[in-house]
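As structure tokens, here come the structures.
First chain A sits with chain B, and in the next complex the same chain sits with chain C.
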Partner chain A sequence: MTEPRWTPYAVLVAIALLAALPSMTSSNYVVGIAISGLIFLAAAASLNLVYGYAGQLSFAQLGFWGVGGYCAAIAVVDLGQSFWFGIAFAGVVNLLLSAVIGIVITRTTRHAFVVVTLTFALLAGLIARDWVGVTRGPLGIPGLPPPSLMGFVFDTSARFYYIALAFSLIALAFLYVLKTSRIGLILKAVKQNDPLVESQGIAPGPYKLAAFVIASVITGMAGGIYAFNLKVIDPSFLDFYYMQTFLIIVIIGGAGSFWAVVLAGAAMVVLPEALRFSNELRMVIYGVVLVAVMMFMPRGVSGWLEDRRIAALRKALR
Partner chain B sequence: MTAILSVADVSKAFSGVHAVQGTSFEVEAGSITGLIGPNGSGKSTTIDCISGFQTLDAGRVLLGERDITGQRPAEIAKAGMIRTFQNVRVYDSYSLLDNLLVAGEAFRDLNWFDALARTPRYRRVRDAAEDRARGLIDLVGLTRLSDAPATVLSYGQKKLLAFAAAMMAKPRLIVLDEPVAGVNPTRVNEVADILRKANATGISFLIVEHNVEFINSLCHKVIVLEQGRKLTEGTPAQIRNDPRVLEAYLGIARPAAAEAEAS
Partner chain C sequence: MEVSATYLLQLFMNGLMLGLIYALIAVGLALIFGVLEVINFAHGELLMLGGYAMALTLPLVGLSYWPSLLVAVIATSLVGVVLYEGFLRHIGQKEFERSILTTLGISMILLYGMQYLFTATPMMVDTAYGFDGVEIGSIRITLTRLIAGALSVAAFTGLYCLLKFTQFGRAMRAIAQNREAALMVGIKPRHVARNAVALAAALCGLAGAALVPIQLLHPAMGQAMIFKAFALVVIGGLGNMTGAIVVAIALGMIESWIGGFFSIVWQEGAIFVIMIVAVLLRPDGLFKRGSMRVG
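So, the complex of A and B:
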């Protein structure tokens, strides 16, 4: 799908608004929502790379999220390293882990891929609960200290917000460059017609593996940052709620569309909060909205728009 | 004449069913060779075996001098043989132009950094590939639709697009699986012309097709398969008059065919 010509301006305005957000509100609550939203968005955009572009439904993202969170926490609390080292450590561990898992599972069928990634996510949850020597089991690791950089301590929500914003923007910019490149073109070709790609002299394996590894590194680092936002990590960090949030953002926006997923990420963070006018019915309305979108736009908003466009084109060609 | 493709004693069985049993044939460099046979005679399996989409149980496949037996489809494609599919395959959500750009041969020399950073080298290759793609879209007569998603094409138009994509990979040999099945009959001759033009530039063809007229008008040599074996081969005229070919297609009893030959 082609982008409207005003896209760069819209992006600049959005970045300016996001940068100004903490000075526009004194509410820690609003800033807190924005922090979660930005981090979830980076994770959802990387799920979109694996699922929407390479066409592989990966539940392993939840596992990588958890591994990233624990790695960052352990690096700081047990190894006495800085927050920044912890986040880099989370990325490196996920890089190695996803390369090992990816080499095996990107060769399997799509169904086997789903089952193996789901198993990995459940296994990660089990380890978080039961490997007490490292993860401290159900008690978790509390009291994660606020990050600091050259004497500046990110000890308030407003300050921490800028870490989340910077990370999210860098991750999204990288994914955007990747997805609009020839690599993105081939990834989506693999999703549409794997044998055709092979018949044209392109081995799909390395592309699928790269998508899987890149997504896991970004998700792991996002998990690390999120753990320090919560200031505590315990097995509930691997709750399926997170996977569900990433998936809803990708599916509602439309798997395989960069901007639609970014916009859906923003909407899915704002919507549950906007519905607080009716606290009892809040989650019910949220559910109804999700069901309605799935009923009328099974391929997400971007899929719906694309179908409109193709229908109009068919009509014009007749 | 040297062979661009040599298939020697290729066999393939699916759980006891012998789809191809010891088939041997050659495609001469620069030729258009037809591969015909009744349904179930092993044409598609043969193509799948030589293009790496099926593993062979036995036999050898040479592309020019190079042994491609048992190699992966992508390796075989890079070696210079591109195949199309009977149930036409295109990238439905991509524009015609993008369909061809994916297949672009020139991109194989570039690495991922070139693609990510859009280096000058990459942009040169891309611009050249885009020119070539537009030329091929013109060649198959789809210029008007070059920026439309491939999903709006008719079945026959998709076959033309698939052929253009095969050309985009700059192969030495193109294997076409039923290029005119489902194509509007008034356009079959145009397709034949397009293939002749491509052939004149030095590309060899192996064509599986049921349209006898199309095969006869186009091919230098025709190979006939029956029940997984090569029945015979020859010029289109020889094949047309071979009683064994009629028998294979129509199931005429052998004595009757022999009588017809005698009279």
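So, the complex of A and C:
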């Protein structure tokens, strides 16, 4: 979908509002939701890169999210490093891991791709639960210290919020640049017509792999930050719930459209909190929304709007 | 630890039972994939529904095993029909991701809906057979396990005969082999697909109902099994039912043997490691579908 001309202004206003958020409210609850929202958004936007642009439905993001969380926590608690090192460590581990996995699975059919990535995510969950020596099993690693930078300690929600905001903005900006670059265009072409891309002398393999690896690194770092937001990490960090949340953000917005996914992320994080449902009921509603979107507007809200726009244009021309 | 022959035999029997249950689930997944090219993410929830149908019917019929089992199988096959007519029917052949996300949504509704209604607390379910057992040589097997195993074998035999000798089954195989050619000879893909989903759901319901007296019943029981079943189906070659059964039984054995000698991590992780290696070596699965060749 083409971007409206006022997009840059809207983005500037949104950033200004987000930056001012902690000073507008004294409620830790609101700030807490905003932190989760920002981090989920970065993870969802990177899933959008893999699924929306490269067209590979990857459930492995959940695994990378968990690996990132555990790597960051272990780097700080067991290795005695700083938070910043932990996040970087999470990114590097995910880079290597996703490169190894990606080389194997970008060769398979898209059917097998789904199942293998799913299995990787579940395997990560099992390892988190059972490899007690490193992950401390079901008890998890509690008491993650607040990050600090040159003497300044990010110990309150409002302070931590700025870490989440900065990370999310950097990640989204990076993904936006990537989307508008040659790589993004090729990925889009690969999704639309793989054989045609190949006939133009472009090998899709490395591009798919690159999308998978970049998304994994961002998701892993997001996981690391989220773990420090929770201040504890245990196997429930790899609950399928997170994957479903990322997926729903991407699906509702419309896989492959950048801004729609950003808006959907904001909506899907804020709405259930505002409506205050029990956890089960919220997941039931997510499920209903997912099925409804898939049945009635399979290309998400942005795809639906675009179809409407094209239909209106056709009508006008007739 | 001294390893006696009895212990090995016990492991073997446990593995066989487990493998047969896995096979019941995996064969349904393979059937649905073969006919519709859909990976059914709600398959595990069908298993769970079968389990709950069994558990809820048992007290009504004085804990007798067979009527409850029948109710569970019929109930899940009806759910299968609804699943097809309501959702899968509207999804086109090329919309693979859409089918996954739709069934994932249905699975979420069923799983969390049941958790909302019955809470996540596991339930123990008792049948008229209780913990009666049968002594075979020096090992003892509970009757409910034995029945579960026998039921699976019976189900496979029935399925084989159905697919091989009836019009119903031939139409299913025809669609799985070559959709266009099947259409040309007048097979209605919609009817066949509905039958396939109902049949797969019934098999899954059977597995769920047979599992209930053996292990704890809880809303997430399907999820734990289904992810393994996905892996099995991929290792066996998507859509290949024989492959799915063979791999499922092998996995049951492997899990049971590993569980007997190593720590629990390896038992759960084995399948995933095997799958990664299998996909690396043979991206199309170990039992590649020969029927897809044209010309």
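As a working rule, the second predicted complex is superposed on the first by the 291 of 318 C-alpha atoms of A that agree within 3 Å, B and C clash if a C-alpha of one lies under 4 Å from a C-alpha of the other, contacts with A are read in each partner's own complex, and residues count from 1 in each chain.
Note that a contact is a pair of C-beta atoms (placed from the backbone, for glycine too) under 8 Å apart; a residue touches a chain by one contact, two chains touch by 3 or more.
All values reported here derive from a predicted model rather than from experimental measurement.
*Asks:* Once chain A of both complexes is superposed, is A:181 in touch with chain B (first), chain C (second), both, or neither?
*Replies:* first
*Asks:* Hey, is it chain B or chain C that touches more of chain A?
*Replies:* C
*Asks:* Contact-wise, after the overlay, does A:57 reach chain B, chain C, both or neither (first, second, both, neither)?
*Replies:* second
*Asks:* Taking the superposition on A as described, I'd like to know which of chain B and chain C A:287 touches: first, second, both or neither.
*Replies:* second
*Asks:* Scan A:313 for contacts with chain B and chain C and give back first, second, both or neither.
*Replies:* In the superposition, A:313 touches chain B alone.
*Asks:* Once the shared chain is lined up, is A:202 touching chain B (first), chain C (second), both, or neither of them?
*Replies:* first
*Asks:* In the superposed arrangement, which partner chain does A:26 touch: chain B (first), chain C (second), both, or neither?
*Replies:* A:26 sits against neither chain B nor chain C.
*Asks:* Under the touch definition given earlier, write down the residues of chain A that touch chain C in their complex.
*Replies:* Interface residues on chain A, with respect to chain C: 51, 57, 104-105, 107-112, 114-116, 118-120, 122-123, 126-127, 130-131, 240, 244, 247, 251, 278, 280-281, 283-284, 286-291, 294-295, 298.
*Asks:* Show which residues of chain C lie in contact with chain A when the two form their complex.
*Replies:* On the chain C side, the touching residues are 33, 37, 39, 87, 90, 95-98, 100-102, 104-109, 111-113, 115-116, 223, 227, 230-231, 233-234, 238, 263-265, 268-269, 272-273, 275-276, 279-280, 283-285.
*Asks:* If we count contacts the way the header does, which residues on chain A are in touch with chain B in the complex?
*Replies:* Of all residues in chain A, those touching chain B are 177-178, 181-183, 185-186, 188-189, 192-193, 195-203, 210, 306, 310, 313-314, 317.
*Asks:* What residues of chain B sit close enough to touch chain A in their complex?
*Replies:* 51, 53, 72-75, 77-78, 82-85, 89-94, 98, 101-103, 105, 107-108, 110, 112, 115-116, 118, 122, 126, 145, 148-149, 151-152, 165, 169
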